[in-house]
Amino acid sequence: MTELPVEHGLLFAAALFCIGLVGVLIRRNLIFILMSLELMLNATAFVFVLGGALHGNADGQVMFLMILTLAAAEIAVALALVVHLYRRYRSLDADRLEAMKG
Amino acid sequence: MIGAAELRALLPLMLVALTAIGTLLLAGFRRDARLAALGYQGGLLLTLLTLPWALPEQPLEVTPLLRIDGFFGYFAALFVLVAMAVGLMMQRQVRSKTSGERVEESYVLLAICLLGALVLAGAQHFAALFVGLELISVASFALVAYPCGGRPSTDIRQRNSLEAGLKYLVLSSVASGFLLFGIGCLYLDSGSLAFAPLPPSTSLALPGLALLLVGVAFKLALVPFHFWSPDIYQGAPTPVAALVATLSKGALFAVMLRYLWFGALQELETLVPAVALLASLSMLGGNLLALRQRDIKRLLAYSSIAHLGYLLLVLLAIGHAGVAIEAGAFYVLAYSLTTLGAFALIGCVCEAGDEPDYRLEAFAGLIWRAPLLGASLMLILLSLAGIPLTVGFIGKFYIVAAGVDAGLWWLLAVLVAGSAIGLYYYLRIILIMLAPQSEPSGIGGGRWLVYGLTLLLVLLGVYPLPVLQWLPVL
Amino acid sequence: MAALLLWIPLMPLLSSLLLLLAGARLGERPVALLGVGSVALSALFSLAAILSFSASDGVAWGIETLPWFSALGLEVGFSLHFDGLSAVMVGVITGVGLLIHLYSVAYMAGDADFARFFAYLNLFVAMMLILVLAGDFLLLYLGWEGVGLCSFLLIGFWYRQPENGYAARKAFVVTRIGDVALALGLLILVQQFGMLNIQDSVDQARQLWPGSDLAGWVALLLLGGAVGKSAQLPLQTWLPDAMAGPTPVSALIHAATMVTAGVYLIARTQGIFMLAPQVLQLVALVGAMTLFLAACSALVQHDLKRILAYSTISQIGYMFFALGTGAFSAAVFHLMTHAFFKALLFLAAGQVIMSLHHEQDTRRMGGLLRPMPFSALCFAIGCAALAALPLTSGFYSKDAILLQAYAQGGAGFAWWLALAGALVTALYSLRLFVRLFLGDCRTLPEPDNRPLLCWPLGILCLLALFGALIPQPLHDVFSAAPQAHVPLPVHLLVLAMPVIGLVAGIWLLLRHRDWRQAFATGALARWWRAGWGFDVLYDWLLVRPLLWLARVNRRDLADLPVQLLVWTSRICHQGLSRLQSGRLRHYAVGIVGGAVLILAVVL
Amino acid sequence: MILVWLLLLPLLAALFAPQVEHWRADGSRWLSLTALGLQALLLLAAAGGGGDWWLESRADWLPRLGIGWHLGLDGLSYLLLWLTVALGAVSVLISWREIRQRVAFFHCNLMLSVAGIVGVFLALDLFLFFVFWELMLIPMVLLIAIWGHDNRRYAATKFFIFTQASSLLMLIAILGLAFAHQSQTGTLSFDRDALLRLELAPGLAYWLMLGFFVAFAVKLPMVPLHTWLPDAHTEAPTAGSVLLAAILLKTGAYGLLRFSLPLFPAASADFSPVAMALGVAGILYGAKLAFAQDDMKRLVAYTSVSHMGFVLLGIYALNGMALQGAVMQMLAHGFSTAALFIVVGMLQERWHTRDLRQLGGLWTQLPRLSGFTLLFALASLGLPGLANFIAEFLILAGAFQRSWPLTAVAALGLVGAALYALLLVQRGLWGGGAPAPGRHDCSRREWLVLGALALALFWFGLHPQPVLDLVREPLVQLLDAPHHAAESPPRLPVGSWL
Amino acid sequence: MTTLFYLTMLIALLAALQVVRGLNAVHALLHLIVALLALALLFFLLGAPFAAALEVIVYAGAIMVLMVFVIMMLNQGDAAVEQERAWLDGASWRGPGLLCALLLLELGYLLLASDTGSAGWRPVAAAEVGRALYGPYLLLVELASMLLLAALVGAWHLARALKNRRGEES
């Protein structure tokens, strides 16, 4: 059990979050985008676990569990859609999705 | 922990969950759209009917997560009604399409959406907020992309719904990330996930609230987080678009109302400029974007951006104006009712042919083709524009009242400017509708839903007293 | 008696209404009967009123017939007032009016709009009578604007020629500028007294205003109105153009009656003017200047009716001059005699013009003495009276003006101008007569001597000669001017002036043909002919800027900001729509950007 | 009950217009006329009550928000109701032949608009007033948008946005008042009587007053907020123009008289120089623009701007005479401008053009119609003997007592009026180039309408007393507000001129 | 121990970077798993063994396997790597990178300014979490199950069409 300065933990989470965000912003391949999303979710999960440890209660880990559930649910639907996309365009390019605009 | 009283208070949620599962089981038992619809509507009706009984006399905390009180009751009733209307729209779609899309699952998903909304209506805890939100989100991802899963409907519909589903999913997840990060900060700050007044000294609350605001603003589609909404409205099946426009936004707004009401007010002071900025940008941006939009669904999306911008005034007024909560609650009702009407009408008029036609021109001469539908459209648009004798006016009246009471003069000025722009495109549709009829085109089914909603819209516009009397219970 | 007074304006008014509504369906004879008959009845009533007025020893009587309205702070009634001044005016209007009506029956015979003509003419008489009988300023204003309207309608009577319409509009608008001044004057009265009864207001003013500037302002504004209606400087430009109307109209409206309304107004409100000596001096100056300028213009005109028009302006200038110098009764006296001889001249001119197939240019006339001796006689008498040759009525009135003016104020600048004007008057009278009746016959006339044309002329000849004998019961109206001694040389000078003019004219006529020619084509004559350039001046100063403004701002500049707003929102719409690119990553950038924004605001 | 029926009758007529048309082709016309006739009868029955309000109707509506159903009738509203009924009937009559398509819907809209206007003239609860205020516009917009001329969409949109946006400002001001009431007494109230008793801080009162003023000024219309008017008038069908010019514009002036002045006496008095100046600007600017137009209807539309400038001037002169004049002007303008629009409509029906450059010489062809045109043009220029003159004179006389320089400038508007009115006569009626012959002169129905309007103009020009008496009491009350007494101008400002 | 903390963080961040800028999906996925495992270690170090275990089992185990499955199914091959290289040119990095850096800066500023005390540092054992889950948060668990149900129904519905279509194609 180590006493980590909270600020450092938070900064780490923020950095991880931003890295994930960069991934969402720059990648065109949807698989990569999804992976970047996972990074972001994990960054937030880290914050909760950190909080749980800091305050010594279970709420943080409960929230982590919820995030985990969400990630699972989301990825299931997302992958189904990705497969659809690939079938349709033979590509995972997110930029192909631009029929609707204006 | 959970005793008889709590169980009774939880009855609406349980019924809705049961409806979801029951409908699923029905579908598994026999794939019949009508049967599924029946199960769904029956379950919801039961929920609605038992709701008064289920509501406790005094506000009741059911686990740390939920607080079942008048506020919950009001929004629960509203959301159940909305879900029923969306279900009806869904049903109509089946009847008009003989292609036999599988819609049974969609009722399950709808019910889950509703469950999420009910959780949000009662949430007094961030975990409940999060789960409720994600219930709505995940279910609506699938619903938005729904046509992909059916038997081949038209190509464009499939393409658009796929695109909409993916965009919604990715962007919504990003926003969820922000939201979670924000909640995490707040949790880190206070060590509790319950809605409570923030301790005044801490500084982590500020970034927490700011990030929370980002997430919320995305879900409410406020400028500049609004980009997803027109695409989703356009791509999703019309009932689902209606759902996204009303239920998910309304539920999130309800929970924010409760959160702020529960005491994050003093922290909000530092957020006021940010919220005011979002509100102004939304009011102006939404209306400007809608100005010359040619697709009716996108236009509605933009117009709801503006409406949510108006609604944000309530959040700002909440600490200062006594009417703010009432205003917010009523506006959600007015907005939902009107938007549902609009989407029902779109379903009725635009999707009559084989290929849906969402251009504004689809409405040309509607009033001469189908006078009642035309009149309904006119009333719906007037309600959106906030003209008296429609529920939209009472809503706008309330908003302005809250703004005046709280002295938000600048925002009111922006509201006036935005409304003025808004008048242009609402009237534009009316004028198109009044144009001499171009070519005769059919009218789809489901017009009774439109009439019903319009009637309600006028009735509540003329005599909103029943609802108004309920509001102070909040 | 009161009822009698009421019927004086009511008769022509009713007949006018009748003619307006049903005239088109009636034949000429009933129309004429109605038109002339009503005026004749009116004249009869007037006579009765005047006689009974004289019999009652000149006590003014007014009647409150009906209340018009009573607002918060202002009460106005349809009240009539009859005194010596009204008597003179009513007599002139109905008398001369009747003669002109008779003449018109012949003159307008065969015109398609015969009924309309008489309707307008009767309306005019009614309005003029209301004007002079009004006991209330607002009623006077009603008559005042009413006669303006009739003038407008009659100038534009032959509406198919665009220039007639233009002249009509010009007449109305120019006089309306004066009317605005008049109205403002009334507003001061309303503010001060809360009523508009003429006699009471004047009495109040007499009591309350000595030493106050208010009298000056009111007088000045009333003068403004008078100047407009009576075609005095600087609003005289409309009258020459007004000759576009039928000649009887010119005779009645633009010579005998309406244009003297200004004189009547000043005479009527004499009490106020007396409180403002500076304004009174201004009146005199305006009159003198006008009479001289107009006389000069009359000297060089070619158009027969324009000559008469300028002469009218000039003669009314005399009246103003008289008013300004305090010779009120002389002014009214001249008003009456002028009405006689100017009506005579116009009607005779009408006969000439008709005979010459609507030729009005004097350069194409001449030698008419032999074919049209009656007209020549009429003209001779008229011109003599105009030139104020001794023993004509004009002589007495003009003499009275000049002498009384001298007696009041001595020989000032204005007085010398007036005297010079008399000389010029004689000159142009002579020129007019000579041009028409002597010399070679340039256009062959077809004399038209229908009795209806001639009889009124005959009567007017008599009036022009002996009208001065008609007594004028004005001594109660005007505070009597203090008698002052006028030296004999002045007497003689005034007496001789027209004669000198006449002799000089004959001398010029016989001797200096080349010189005359040079003068007539010279710049000075051109300038005078153009009415001293006032029209051009106003054109540049007012009309053109207004037209320019109208043209430039036809689309309403106030709409520009609105258009700008529309344009701006359209641009914003396009910009925002372009941001909506449809790309997932761009949308995500929106979210991140928004987050950055919010955090930046929070920071 | 009479008041409620006054409102209900046109509503019912609107509701049943489509049904009636099934029975009889022109049934909706007769239905509208009947409704208006019955309204007139009700008005006759309502005449001459005593007290502040001749009739009052009160009921709860939304008691939680202090909103009630409160109607009241006094001389001022009575007069304007008569105007509404009369010109409503005129509108029906003149559209007898002009409107051939969707007749029932046309009358539906017409009657709805009339109902809204009646409501505006009766409402004493500000919320209710606002509801009616908005409500009368929608059918008007439809009238323009469906039966208008070529550029009707643009005109309708502009009209809609101008009026609605400005009325939102009024809504804000109304709510401001209601909350001020709440902070002073603890309850919300939108009732005029209750709000009249408020003591407002000067700054707040001024801003709230401006909120009301802008809404009313747009409707009036006041320069520079007038630009919707020429478009709306020009593009509207004749009946629409008549309704707009004759009645709808009056609601703005009525609002000023009924709400703006009494609710904010001190602020209005402070503001009055500005308002008067704007009124004067309107008089001159409107006249100038009218003078510049080639389109007859546009010309008439701009004369409205000019005439309503007089109304604004009169209202903000804040004395009895001017106020009476302003009311008189509302009436007179209602008749004269409506008549001119009707005439233009008739000409257009016959020649399919309103362009003065193509018209001319009409007198030869249509002496009767031309005579009427002349008469109404004269009324428009304020010829004594016609109603407009009384109005303008009273306004000027009243305004003069408050500010003589402004009045002097305003009086120039009389010259301007002469310019445009006579230009209309000269260019339209006189002149040579008569268009193709063979057009019929006034039909009997047209005669009836025009004759009635002409008669009204003469009647109120020669006997305006009934009007002045009707509004005397309300106006005196208006001026007796305690704040005005302190603000009333000294009696003799002119004495110190030089 | 503290060193281990920072080291693990560094590994996680580096692995995350590799995920974001990776060209080959499978490699990126492996990096992601590394990052997740590093996180799991961090959780463990923070005294949350339950979370750490779940992270490994559910995340690195189940979810990632699902992704691997999809990646393999789509089977993009080497062409895809080239494609990725083309898409990831420098220009596309710059703007978003800057924006995110800005965000990080703002967040860092706000977060570092906080003065959260560290009074209650305490490991939270699995049993405690379990008690919370089946105590006050019982309802939450039920709702989470509904969430999974939604995902299940949704994914199943969407996947059905694939089956259908494949049937049509063949």
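As written, the chains take the letters A, B, C, D and E, and residue 1 is the first residue of each chain.
Convention: a residue touches a chain if its C-beta (ideal position, glycine included) is under 8 Å from a C-beta of that chain, and two chains touch if they have at least 3 such contacts.
Nothing here was measured: the structure is a model prediction, and the numbers come from that model.
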If each hop has to land on a touching chain, what is the smallest number of hops from chain A to chain E? 1
Starting from the defined contact criterion, work out which chains touch chain B and chain E both, please. A, C
Give the identifier of the chain nearest to the protein's overall CA centre, each chain being represented by its own CA mean. D
More Cb-Cb contact pairs, comparing B-C against C-E, go to B-C
Would you mind pulling out the distance in Å between where the CA atoms of chain A average out and where those of chain D do? 64
Using the average of all C-alpha atoms in each chain as its centre, how far is it in Å between chain B and chain D? 42
Between chain A and chain C, what's the gap in Å when you average each chain's C-alpha atoms? 95
Distance in whole angstrom between the CA centres of chain C and chain D is 37
Provide the list of chain A residues touching at least two other chains, using ranges where the numbers run on. 6, 10, 14, 17, 20-21, 24-26, 28, 33-34, 45, 50, 54-55, 57, 59-60, 62, 66, 70, 73-74, 77, 81-82, 84, 94, 97-102
Of all the residues in chain C, which ones touch at least 2 other chains? 577, 580, 582, 584-585, 588-589, 592-593, 595, 599, 602
Touching at least 2 other chains, the residues of chain D are none
Which of the chains are touching one another, listed as pairs? A-B, A-C, A-E, B-C, B-D, B-E, C-D, C-E
Quick one: in the complex, what on chain C touches chain A? 577, 580-585, 588-589, 592
Which residues, counting only chain C, touch chain E once they are in their complex? 585, 589, 592-593, 595-596, 599-600, 602-603
Of all residues in chain E, those that touch chain C in their complex: 95-96, 99-100, 102-103, 106-107, 109-110
Within their complex, chain B touches chain C through residues 166-167, 170-171, 174-175, 178, 206-207, 209-211, 213-214, 217-218, 224-228, 230-231, 270-271, 273-274, 277-278, 285, 288-289, 291-293, 421
Give every residue of chain C touching chain B within the complex, in rising order. 569-570, 572-573, 576-577, 579-580, 582, 584, 586-588, 590-591, 593-595, 597-599, 601-602
